[in-house]
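Read through the structures below before going on.
There are two complexes below, and they share chain A, which is joined by chain B in the first and by chain C in the second.
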Partner chain A sequence: MGTVKTVEPQSLFFEDFAEGQEFSTVTKGPMMVGHQVRWAGACDNYDSEFHHDEHVAKAQGLPGIILSGPLMASYLLTEVAHWVGRHARLLRFADRNVGSTMPRDTAYLRGRVTKTHVQDGLGVLEIECWIENQRGENTTPGRAVAAVPRRTP
Partner chain B sequence: MEIQVPDIEKFLAGLVGPVGKPDTMAVELGAVRKMAKAVEDFDPIHYDAAAAIARGYRGVVAPWPLLWLFYFNGTEHSIDFPFGKATVHGEDEYEFHEPVIVGDEIAMQMVITDARLKQGRSGPLGIVVEERRFTNQLGALCAVLRTTLIRR
Partner chain C sequence: MGVNYITDEVKAVIGAESEPVEAFHPVEPSEVRRFHHATMDPARRYWDAEWAKQSRYGGLVAPPAFPAHAFRRPPAAPDPLDQMGDPDFDGRNRRMRPGLPPVEVPLVRLLNGGYDYEFFRYARHGERLFVKSRFKDIYQRDGKSGTMVFVVIEDLYSNDRGEPLLKTTNTLILR
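Then we have the complex of A and B:
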């Protein structure tokens, strides 16, 4: 596995979650251009120069480099998948890019369970999630649905 | 002369429908690892076949953000809007079905499902919804990604 130190998500079941439950905040950053460049490499996409070149960003009227919305949403999606544990399957995820993340910003990934119910014998969690920056601004509101097995079906 | 609202509406309505033919891409271990590292997903199912199989998968599992590799490398497509100054990536909706596994061949088909004019605070906004469906070599639907673009 090379130099990657892996971490298995927790073993959790439907009974481990409750409506209103908040997940542990995950902090990313300070975000740097390197994060964006690594994302561009993983997507094999370097088309939007304003994502990695400050000169181009400012020439386009932006305050500076803006990190990719799908990159930030992917961090959030990844944490949701970890919050619900290794037995769960993510069914849906949605996000809106309502605020920018710039180099040296810190991203706080937060989430809570809004609804729990059982469907066809499987536990279902509805989740509200979002990214807040160091100024308390919600840059990326999101929501997700995950199926989680019951401990006692 | 500035383009008039009826012409904008006609242009947007003309966008709706399939875009190009399905593109197919092989899911490579290196690409999966690179994406998992980029989004800081260190779940062993994205790195190690034995760990993934022990969790019930067919092999090393692609993290869902790998859909963006297909997104950016599929059908060459851009919309030449006859109005507005900038196009913004507004929101995304994902549906997840069959996991994407290293060695799969993923076909992506894109369709514009909605394109309309909306009155924003600073003037008219073009709203375009692109839907990409990802299917594996077994014919199973893996994911659907709906992206809303805003032209202003």
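Then we have the complex of A and C:
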């Protein structure tokens, strides 16, 4: 067993980012029902049985268990917060749950800087981010805005 | 023309606002741990007290979206699992937020369409959390699987000093 690496986001400044820059893809999964159950427990929310009961999911016309959209979006939000570095302040994050993630799917978390500008002396990054599955389908398009201090203000 | 779900009763709740509702527990270290484990976020700011004290946070904080998921069932509140087996459930009496009236739409299935988060500050360990909710909009659209009703809810989270922590706009889809 390896040790779990626990890290703060790396030290980055506004000058470390450029428009069009792609972040390193982060792979989550294969996803398991356990990921969903852990999230349901953390949120104390067990209201949608199709998130953890295959029989109920199929009876409702779904192909099987669907993982929670807010769970998948939370993974993406977490990575955005790490991509922008430890000095950044995340201002906005938005996601749309347009596709399903099922147990045994793999989630590839991707993102890029779409715009950089300076506002009131602070660097601002606009980010496009999304989750792609192993079939290349975009299940969770998102966008984010973060304020990042300049190395040389 | 499909069914019109946006009846006068439904229109009447658009704009309805709740009184502030307090989370039953303040921000607790173990609930924060469960949350950052669930979201696979290993940052020290959530769990390493010594590190956090020296950091710009000045102490332990919770993940940015934590308040949106921290309003857990109070000990004596009805068990939501009890009503899930109700064969007469038609969706009409569904409570989407504490303090907001039900949306009288007879559609049983509910999906989460997404969140738009606006972050103001991190919740700190030990802080009490409050939320004030509002139905921002309710509308319907025809989709491949029939008519869907979109319920847009704005939630403003704050701490016990009245400082805003987080504003979310959540779109729920009934179908």
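We take it that the second predicted complex is superposed on the first by the 148 of 153 C-alpha atoms of A that agree within 3 Å, B and C clash if a C-alpha of one lies under 4 Å from a C-alpha of the other, contacts with A are read in each partner's own complex, and residues count from 1 in each chain.
One rule holds for everything that comes next: contacts are C-beta pairs under 8 Å (C-beta built on N, C-alpha and C of every residue); 3 or more make two chains touch, one makes a residue touch a chain.
Predicted, not measured: the structure shown is a model, and the values here were computed from it.
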**Prompt:** With both structures lined up on chain A, is it a clash or a fit for chain B and chain C?
**Reply:** clash
**Message:** A:Ala59 in the overlay: touching chain B, chain C, both, or neither? Say first, second, both or neither.
**Reply:** neither
**Message:** Quick check for you: in the superposed arrangement, does A:Glu49 touch first (chain B), second (chain C), both or neither?
**Reply:** second
**Request:** Applying the touch criterion given at the start, work out whether A:Pro9 contacts chain B, chain C, both or neither, answering first, second, both or neither.
**Result:** both
**Footprint overlap on chain A, where chain B in one structure and chain C in the other make contact** = 4-9, 28, 35, 38-39, 41-45, 47, 69-71, 73-75, 77-78, 81-82, 89-97
**Asked** What residues on chain A touch chain B, complex-wise?
**Response** 1-2, 4-9, 28, 35, 38-39, 41-45, 47, 69-71, 73-75, 77-78, 81-82, 86, 89-97
**Complete:** Per the touch rule, the chain C residues reaching chain A in their complex are 31, 34-35, 37-45, 51, 56, 63-65, 69, 72-73, 80-81, 84, 109-119
**Request:** Spell out the residues on chain B that touch chain A in their complex, using ranges where they run on.
**Result:** 31, 33-35, 37-44, 47-48, 51, 55, 63-66, 68-69, 71-73, 88-96
**Item:** For the chain A and chain C complex, residues of the former touching the latter
**Value:** 4-9, 28, 35, 38-39, 41-49, 60, 68-71, 73-75, 77-78, 81-82, 87, 89-97
